[in-house]
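Read from first to last, the chains carry the letters A, B, C and D; within each, the first residue is number 1.
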Amino acid sequence: MNTANPATSSELLAAVASRELAGMRMVFAGIGLPTLAVSLADLTVAPGLEIVYESGVCGAHPSHLPETIADAVLITGAEAVLPMASLFGYVLQGGRIDVAFLGAAQIDRYGNLNSSVIGPWERPAVRLPGSGGAVEVMANAGEVFVVMRRHDPRSFVAELDFCTSPGPDRARADGGRPRGRGVTRVITDLGILSRAGDGAGEELTLTAVHPGVTAERVRAATGWDLKVADALATTAPPTDQELRLLREDIDPDRVYLR
Amino acid sequence: MNTANPATSSELLAAVASRELAGMRMVFAGIGLPTLAVSLADLTVAPGLEIVYESGVCGAHPSHLPETIADAVLITGAEAVLPMASLFGYVLQGGRIDVAFLGAAQIDRYGNLNSSVIGPWERPAVRLPGSGGAVEVMANAGEVFVVMRRHDPRSFVAELDFCTSPGPDRARADGGRPRGRGVTRVITDLGILSRAGDGAGEELTLTAVHPGVTAERVRAATGWDLKVADALATTAPPTDQELRLLREDIDPDRVYLR
Amino acid sequence: MDKTTTMSEAIARYVADGATVALEGFTHLIPTAAGHEIIRQRRRGLTVVRMTPDIVTDQMIAADCVAKVVGAFVGNSSAGSLGELRRRVEAGTLELEECSHYGMICRYLAGAQRLPFYPLRSYAGSDLPRVNPGLRKVVSPYPGPDGGEPEQVYVVPPVHPDVTIIHAQRADRRGNVQIWGLTGIQAEAVYAARHAVAVVEEVVDDAVVRADPNRTAVPAHAIDAVVACPHGAHPSFAQGYYDRDNAFYRRWAGISKDPERLKAWLEEYVLGTRDHAEYVAKLAADGTWDRLAVGSAPSGSIDYGRRLRKEHP
Amino acid sequence: MDKTTTMSEAIARYVADGATVALEGFTHLIPTAAGHEIIRQRRRGLTVVRMTPDIVTDQMIAADCVAKVVGAFVGNSSAGSLGELRRRVEAGTLELEECSHYGMICRYLAGAQRLPFYPLRSYAGSDLPRVNPGLRKVVSPYPGPDGGEPEQVYVVPPVHPDVTIIHAQRADRRGNVQIWGLTGIQAEAVYAARHAVAVVEEVVDDAVVRADPNRTAVPAHAIDAVVACPHGAHPSFAQGYYDRDNAFYRRWAGISKDPERLKAWLEEYVLGTRDHAEYVAKLAADGTWDRLAVGSAPSGSIDYGRRLRKEHP
């Protein structure tokens, strides 16, 4: 660890997320921390990792850090640009995505996500952007990682105000046959919550805390009675190599490392 | 009429078919006589008529007379080439075709078509090519013209051996809601059979005979008790202009004017 | 047939009060200039169909053109909220039909293919079907993958806009539209619609289009009007023509948060300009187009081949 | 990852006895050379899936590779019959699953989209559902267009080939496949399959592909093997590379009508050649490639643009 210039919270999140991508081949990701995590994984634990963007871009080779999933720099020099019907139909629903990153305003203990409203849908206190492709990503990706910059009880709730993107338990109860395991990792500013995602009724469990964070602090920041793993780990902080790659190669202008 | 060099049967068929295209905008056509008819109509009664080929070509400007619906000369210089899923899904099933040309081995009095087998399907006496896109064309084009070079009882049958491409009556009896009117014109070497196609149970009726052909001869060549229109017309032979266009501009090598 | 016309005429002709109007373009090639002209012509009671209702939708809502929004992502990209849309939805004064990205895609696919429904593997377990009664289930007529119970899947109904408006890099006068970079869902949105207007950066000679027919995303037979309108996608971008105005997206969060500021912005930039050319000139003054200018990255040329002999090979 | 390999290795690896093999390419870019290698490797019991089973299918049937054909048009284009296919179907010794063009397209669409069924507006009133039990009906969950009875539509089941083989103009070593001219149903057939092999006229540098990403019909993530095989689509054509051998199509009617002549043709041209390069050399001797050579018709180049400034616009 670079003790002269220690890791910021964003750098920690990016490094931790990148390590979870070991062995993955196809990632469905948005822009921001996931971009950093995937770029770092490509240079470390998952060489050849390909990001697919819902805009249709496959095999991007951007000249600049992209600001949106449709940034012109993702297109110029890309290996392929698919129409959106093909991207969503053949690549995502077709079952070719190993892991996808999602965000949300609320998450519950099973990894169900709300990105639609705070309050009642019909007359919301806060109208949020909505699903976008999240409901599709949850149903069709092999597994889903969620990155939450702020771990607090307003986001980690016992009851979602609205379930935009259901995990596999809810999907099966409604007669669906989801392809994937739902949310298997939630990476926050406090630690990592995990689900294997291969059994019914399985809850997110605190499996690691970041250096200096206690399990009690994470439980207090969670709106349900959060389970803690017997073998609770402490996250290894970013290595010098990870920090160097993030700071010098991947995001030298600190666009997402803010 | 060019009395020095009278019209061949192919020229007559092409000219007659072309006149039926007056007022049409989008034609779905194969190669051969339909090509000639559409090209002639574009130069006479239906300027701006567009042929769509099931291969995906729209707005072709071929340098040579095409030999197949996928001929390279249809592609080079075309206005658009669509993937087949778009051509069949959006253009044909989407309901954008005014009229389509089909051929068949057998046709019945309602304009149902067989292009699959002679004899029982399970063990046919003759295995024919099958539907190709014909069943889709019949269901989705506004109307269908059939060109038959040989009007005989083996092709004009009381009972099809197999119904590959049903007209709207059969489709509705099976719960379908066909978009179009089915076969409205059958143009043969003897004359023209017509259906308005706007009522149930309507039969093909002999509405015109070519010069020198009698209604009795057409009825004898037809495998069912063919109705004859009260106002039976005699086909106007190709005009000098039609013959000149066909011979000099459209098919100077007589590829399809054989 | 020459289908070129002015924006003013195209909107007057194809966008009536109360119409269902699809405006498509996913981040790339958003038909902003068309939305502005709809505002100038003070259309009312529109249903706006758009996968990602964004700045131009927010502007149309603020200008009181919109009764209902059908969409999947009602945010200002990742740059914050759409202030006016949020205010009205939270106040209950704007109807929102909430869907998802692939749900919207499938609604266009069903529309384009004239299907009564389109199946997809979304929605099972979601609250979306509870608030959107258009999301329904169908039981497969085949045995399940294990030979057992047939699968159930959700389906969406077709959407058939009265008009779809898209923006593109170029078209010929007949309406063959060529797009590169992200092609999104434009072709499906056009084929689903009763009429379609293509707004383009440039109208080009027939020969340019016909040299590369695979580049044609929408053939002329599906287009009713072609409008030349350079920079008509701003603040979104046109690949190879100008970059996205990310600064404006960020500014919109602030502008749209304050109803008075939003009103002033509309007065100055939309209602206060006669047409998009004036809007473009106005933005030129503060260096917008210099800031968004892009360099060259040529695609290279491929060869379609030409038959050499007269006879068939 | 470099996925280039030889035809021999690609077929040995991805085409097993009894496999379901889709060979796609509608008139254009038919993967003939791959079919010939399947014959050379004496595969048995294959199910061949192809919209338009044609000459290469007839050859594979005659070489006893094929147990079943799934297709929509089993003719030799407009040049006559497929002799061997007809003989065997008429004799009851070859299973044929008969479909239609759009039915096949929808089966690939269902396969690519991992759907249990795909709806289409064909088949009502046809005898095809009587002989193909895969063609079934679904009732729409929405009211009919007039607000009345819900519509019934037919649906088709997905097809999931063990391998799809396509021919294309070019690919990079990773397997990004670029196609121009007729693009057919190749992308859907690839995405529907468990594995996919791209046979190409040329393997090109990454930079060539990346200069024009919209030209990529199939991205690398869907391709397992890339085989360089010039003239591998003969007697069909490769737009811009060589024309269709119409004379050979016409000759095939005669060759395939006579089982002895057909057998001799296979012995000489397929089993008697070590690989496609030998087949190509053999045909060069009688001037085939000169006869099919094409001139130039360049597409022209478009511009993808390049960001000039370091910071975000």
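The rule is short, and it goes like this: a contact is a pair of C-beta atoms (placed from the backbone, for glycine too) under 8 Å apart; a residue touches a chain by one contact, two chains touch by 3 or more.
The structure displayed is predicted, hence computed values, not measured ones.
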Given chain A and chain C, the chains that contact each of them: D
Approximate Å spacing (C-alpha centroids) for the pair chain A, chain B: 57
Centroid spacing, where centroids are CA-atom means, of chain C and chain D in whole angstrom: 34
Distance from chain C to chain B - Cα centre to Cα centre, in angstrom: 38
Multi-partner residues of chain B (each touching 2 or more other chains): 57, 67, 72, 75-77, 81, 89, 93, 140, 179
Touching two or more other chains - residues of chain C: 109, 113-115, 120-121, 137, 144-145, 151, 153, 181, 183, 187-188, 211, 214, 239, 243-244, 246, 294, 297, 304-307, 312
In contact (per the touch rule at the top): chain pairs: A-C, A-D, B-C, B-D, C-D
Chain C partner contacts - residues on chain B that touch it in the complex: 25-26, 48, 50, 52, 57-59, 61, 63-64, 67, 72-73, 75-82, 86, 89-91, 93-96, 140, 179, 253, 255
Residues of chain B that touch chain D when the two form their complex: 30-32, 54-57, 67-72, 75-77, 81, 83-85, 88-89, 92-93, 112, 116, 121-136, 139-140, 162-167, 169-179
Contact set on chain C toward chain B in their complex: 1, 109, 112-115, 172, 174, 176, 187-188, 191, 206, 209-211, 213-214, 216, 218-222, 304-307, 310-312
Residues on chain C engaged by chain D in the complex (per definition of touch): 113-121, 136-138, 140-142, 144-145, 150-151, 153, 155, 157, 169, 178, 180-181, 183, 208, 211-212, 214-215, 239-241, 243-247, 291-309, 312-313
Chain C residues touching chain A - in the complex, by the definition given at the top: 26-28, 52, 71-75, 77-78, 85-86, 89-90, 92, 96, 98-103, 105, 108-109, 120-128, 131, 137, 144-145, 151-154, 181-185, 187-188, 237, 239, 243-244, 246, 294, 297
